[in-house]
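Shared chain: chain A. Partners: chain B in the first complex, chain C in the second.
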Partner chain A sequence: MNTKMKLFSYNTVDTPIHQLSGLTKLICFLFLSFAVMYSYDIRVILLIMAFSVYILRVSRVQYSQIRTMVLYVMVFVLTNLVITFLFSPEMGVELYGTRHVITKLVGSISLTWEQVLYQVTKFFKYISVIPLGMIFLLTTNPSEFASSLNGIRVNYKAAFAVSLTLRYFPDIQREYHDISQAQQARGLDLSHKAKFMDRFKNALLIIIPLIFSSLDRIELISNAMDLRGFGKSKTRTWYTCKALNRADYVALILSALIFAGSLAVSAFINHSRFYNPFL
Partner chain B sequence: MEKQAIIEFKNFSFQYYSQSAPTLHDINLTIYKGEKVLIVGPSGSGKSTLGHCINGLIPFAYKGEISGSLAIKGQDTREKSIFELSKIVGTVLQDSDGQFVGLTAGEDIAFALENDNVPHDAMQSRVKQVAEMVEMDQLLNSSPFELSGGQKQRTSLAGVMIDNVEILLFDEPLANLDPATGKTAIEIIDDIHKDSDKTVVIIEHRLEDVLHREVSRVIVLNDGRIVADMDAHELVCSNILTETGIREPLYITALKYAGVEVTCDMHPGYIETLEIGSAKGTVKSWFKAIPPETPHSENPCVLQMEAVSFSYDGARPILQDIHFDLHEGEMISLVGKNGAGKSTLSKLLCGFEKVDKGVIRYRGEDIKDKTIKERAEIIGLVMQNPNQMISKALIYDEVALGLRLRGVSEEEIKPRVEKVLKICGLAPFIDWPIAALSYGQKKRVTIASILVLDPKILILDEPTAGQDYRHYTDIMEFLVELNRLGVTIILITHDMHLMLEYTPRAIVLSGGRMIADTAASFILTNQEVIEKANLKETSLYHLAELAGIPDGTHFVQGFIDYERRLKNR
Partner chain C sequence: MKKDLFKVTTKTIVATGIGAAIFMLLFMYVKVPSPVPETSFQTAYGLSAFFATLFGPIAGALISFIGHALSDAVQYGSPWWSWVIASGVSGFIFGFAFKRTKVEEGEFKGKDILTFNVIQIIGNLVAWVVVAPVLDILIYQEPVNLVFTQGFTAAIMNIVSAGVIGTLLLVAYAATRTKKGSLAKK
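Our next item is the complex of A and B:
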């Protein structure tokens, strides 16, 4: 099987992080992400980021596994940075209530320390979610996703949909690939030479057969699931579901403390979500 | 002990709401506890519908009007839910890949238990126990991509047996399996039947393959009615199979060609029980009288593969040192088990992948620099499932697509499309929407849409997969006609009948290497090749043994030659 066809390359290294239950990792991921998302204190954010990079090292995730993802996020974040500045260059001033100009730019627009702090903080907020997400995705056995989601009270039908997606995504991907090749043989041009409208029309030539063959597949899957009693009771159990042990509780408590810490810094030290060194 | 009825159809009729006429008419059928019943019938005979009625998909998932009654274990199915029924009837569907809902074999087997809220530890041990019964216990952590077709089917079987069901229903269990795996599947089903008191219902149209092991009864369905309910011996002696368009076992055909009258006291239902005693002489003299085929002069070479090797990742070779010549006007089979490299070979020919080593020549010229689009004008590929290719609503547009994408003018397109549609027998449908066509007609549309580019070589991936005998014959006879018009044809197939009947020559791949390039009669009688390529010995070979003909290969070839002359090919 071609490795490119895997959605996430779950690696089976045995580390303390891999041994945690999927549910634990999901809850920790949510705690830490909320901690980062809530706080606009760059000190808190950098601390959590340092912590998650450390965990990433512990779980022995290779850079090659996450390179594409990192690149995508970088492009997104940098674009976001530029656009934020273009549309609201005075955002920092509004938030922090002071104005320290570094240099004047075009017309009435100038670069302020407040804006720099605001945008740098925001930049790190986004960046720090990457290692967290990566740890969850790459160290959790895909089979455990659904049971983890169900564990945090997501409806099991919705949770199972995640599992089904992981199951059939490679199939559909391969089918897309096959159809695309067959249509290229008929003369379909998917290269950048074709005009935009033509490319759009050409993409339809692949998508339509894909939809029709997927519809057959869906009928089959839903029959197979009905015949084995899917959906008959309000709850279900999971074959791949690790019981929580001490390490899990330690991880849960630790991430809850970090979350609480982040809230506490906002509430008692900064008296707002923002850290304001300008006052 | 009195027989206990477990499935009882009484004056049962069913009509889908979406259809204008009933699919099942007045079915009266009783299946007793512990029986092993085979239900055969051509496509559209209603045999799948009958299966859906037994497992509860009708009326749960497919709505329609029911008259008469169907009782499972004495209770009317209309009063039960599909979930209650699933505790009694376990269904193994035909597509072992599509019905695999878990990410690993273990999860898939556990699926029914998960839905029953069985606690985790109990579930783990039960899954292990059932997996051992079908020899899947070492593979519980494997993903469906790592499992073979046979292993996936065993997983599905374990997945329904885990509920301790009383009735096992197999819906076309052989459809997606190679011959050897299919044979094993029939053996597994039989072993389970013998070792337990389960009732087994098998729905199939490949009669001979199921009759590899004994069944209690065979029910024949045609046009929604039961036309026969008898044991296998009686059935093959009657005319019912020919009348309903189900392929009779090949050795029966051979006996009939030889002029032997097949009667019940020969026990002809299974090749293992067949006794031809006094007819031996008749078979022998028939065989001796078949004149050998005169070898005809070879046409020039259209395609040559010279020492072709290929690997996706540079480390694990998929194809190694493939070499063969294809002559103009030939029709050959490319066989081998899944993963042997058959589809990779066709991808190399079409230019979807580039060869690592070696050369592919078309009429002596290396084609490595030709693009996918240019290759398509030499070598066309027809995919297995027509739905994977059809992207337009109207037949005309679908067939014209390849030309339009090449910028050919509409004035030129029209006569070319019309000509191709005529060849493919689709001229009357030129303005029809594709959705209104049958599967076989859709297949023709996809072939037409490739033919319109005028390729000299056509590769077809499993052209007859899932087709009953009549549709199989339709498609194959059409390909023979195309072949006569000068198109060279490569068929990728698992179907041994197809090899025997239609392709004098076959190329066998195993583990990425070519292990045979010779006559189909030799391949299907050679133990080593059969084993490596997951094929199955043809029953004709056993017939030769029974008749005391030492050279089985020769006998098979004789049969092929005789049949070809008979059908004037």
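Our next item is the complex of A and C:
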């Protein structure tokens, strides 16, 4: 297990992106990622992707911070690419309504331009969300995250649950590691040498103590919060909440425009979510 | 009883927060890849079924939603919304086992195990065979046969996960509770 994997490896750098309020960044992230999610127009997707890569540069995120993510995403997207083709090589034809064969492959399966466009679009669609998520995760102070959620009208109790998750994840991770080491010292085999069923059983022997100690922790924390009067009022204020300034409004308007633009392209130019150059 | 099911106390919130943290941890580290691409045997759903049974549908839904969204965000940079929502739905339905079993009174056998498992199977089927594939098609326009294959695989594996791990956890939990009527008046 990799205990070095840091959650929200946030570090303070003085860039315009870091200075934006968490609320702004959350809304912008949602606007832009929904814009990409909705559109199947490769031109729109590439534009948004170029924009988000530019912002990633502005926010001075180091490659070492995002290497693991990039790796995971590439594996995911490439598998998706392959299995999409294996499962439905005619998806593009179905979507675009025309059929331009490039070459015949095995049997009745052939590669079509429609399929290529569909898969390439999908490839970029999935890739382009990644810089957006990274900017948001790596430039937002985790403690500001809950107040941002509350800012977009998420119930403050739910927002508080999220901030508890972020607060306790490192603790739980450490505890998991400790229990696992202790059990291994007592001879529990978790390596590949053990049989599958044994490994499964042994994993349970770590999970069970972890969960039961967490149940005690829940009791403790909820008593402490009750004593401090948590949840007595309808709303609450946040220590880390920042007031919005001009840069925030500029960012909000910009991302709202991009979102509206993506919808407009679908509605007025393509007349569907797809860009169809074959007609 | 209906009212109780959705009651949110401080304990529900804390259980949600901690539960989601454990969910995240299990989701990222304690899983076994399956032969169908992009799916794996997730022990995390055993945990969400367990917490949902102890703390109700709101906690169950939020634990799986937050846990899944954050672990996706940390691993991939952005949540895969269709499956994150499906996770939330599964946790929500698991929560209907809340107060339907006698686990808090230190008893979890026979009929209780059956109730819990029927509910978790319904929850998993709804989430993975209906919600996840349909959202995949609506949001991402994935091929129909691919998403349903993934959905069925996920449903089966999560049913096993919630069934085996969830049941074991509940049995273990029941053993730690004081049995009702264990004190006799002399």
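Operating definition for what follows: the second predicted complex is superposed on the first by the 274 of 279 C-alpha atoms of A that agree within 3 Å, B and C clash if a C-alpha of one lies under 4 Å from a C-alpha of the other, contacts with A are read in each partner's own complex, and residues count from 1 in each chain.
Quick note on the criterion: a residue touches a chain if its C-beta (ideal position, glycine included) is under 8 Å from a C-beta of that chain, and two chains touch if they have at least 3 such contacts.
Here the structure is a predicted model, which is why all the values come from computation and not from measurement.
Engineer: Is A:Gln184 touching anything from chain B or chain C once the two structures are fitted on A? First, second, both or neither.
Structural biologist: A:Gln184 contacts chain B only, not chain C.
Engineer: Is chain A touched at more residues by chain B or by chain C?
Structural biologist: Looking at chain A, the partner in contact with more of its residues is C.
Engineer: Taking the superposition as given, does A:Phe212 touch the first partner, chain B, the second, chain C, both, or neither?
Structural biologist: both
Engineer: For A:Ser110 in the superposed arrangement: first (chain B), second (chain C), both or neither?
Structural biologist: In the superposed model, A:Ser110 contacts neither chain B nor chain C.
Engineer: With both complexes overlaid on chain A, does A:Thr98 touch chain B (first), chain C (second), both or neither?
Structural biologist: neither
Engineer: Could you tell me if A:Leu204 is touching chain B, chain C, both of them or neither one (first, second, both, neither)?
Structural biologist: A:Leu204 contacts both chain B and chain C.
Engineer: For A:Asp226, using the defined touch cut-off, is the partner it touches chain B, chain C, both, or neither? Pick first, second, both or neither.
Structural biologist: both
Engineer: For A:Arg273, select first, second, both or neither according to whether it touches chain B, chain C, the two together, or no partner.
Structural biologist: A:Arg273: touches chain C, not chain B.
Engineer: Check the residue A:Ser163 against both partner chains and state whether it touches chain B (first), chain C (second), both, or neither.
Structural biologist: both
Engineer: For A:Trp238, select first, second, both or neither according to whether it touches chain B, chain C, the two together, or no partner.
Structural biologist: Only chain B; A:Trp238 stays clear of chain C.
Engineer: Identify the overlap between the chain B-contacting and the chain C-contacting residues of chain A.
Structural biologist: On chain A, the residues that contact chain B in one structure and chain C in the other are 1-2, 163-164, 166-167, 171, 204, 208, 212, 217, 221-222, 225-226, 230-231.
Engineer: Using the touch definition from the top, list the residues of chain C that touch chain A in their complex.
Structural biologist: Per the stated touch rule, the residues are 8-11, 13-22, 24-26, 28-30, 32, 37-38, 43, 47, 50, 62, 66-67, 70, 73-79, 81, 139-146, 149, 165, 168-169, 172-173, 176.
Engineer: Which residues of chain A touch chain B in the complex?
Structural biologist: 1-3, 142-143, 163-164, 166-167, 170-171, 175, 178-179, 181-189, 204-206, 208-209, 212-213, 216-217, 220-233, 235-241, 243
Engineer: Across the complex, what residues on chain A touch chain C?
Structural biologist: My answer: residues 1-2, 5, 7-8, 33, 37, 40, 66, 68-69, 72-73, 76, 79-80, 82-84, 87-88, 91, 95, 122, 125, 129-134, 137, 157-158, 160-169, 171-173, 176, 196, 200, 203-204, 207-208, 210-212, 214-215, 217-219, 221-222, 225-226, 230-231, 273.
Engineer: Could you list, by residue number, the parts of chain B that touch chain A in their complex?
Structural biologist: 55-57, 60-61, 81-83, 86-87, 91, 93, 95, 97-104, 106-107, 110-120, 123-124, 127, 144-146, 159-160, 163, 312-313, 347, 350-352, 372-373, 375-376, 380-381, 383, 385, 387-391, 401-402, 405-406, 449-450, 453
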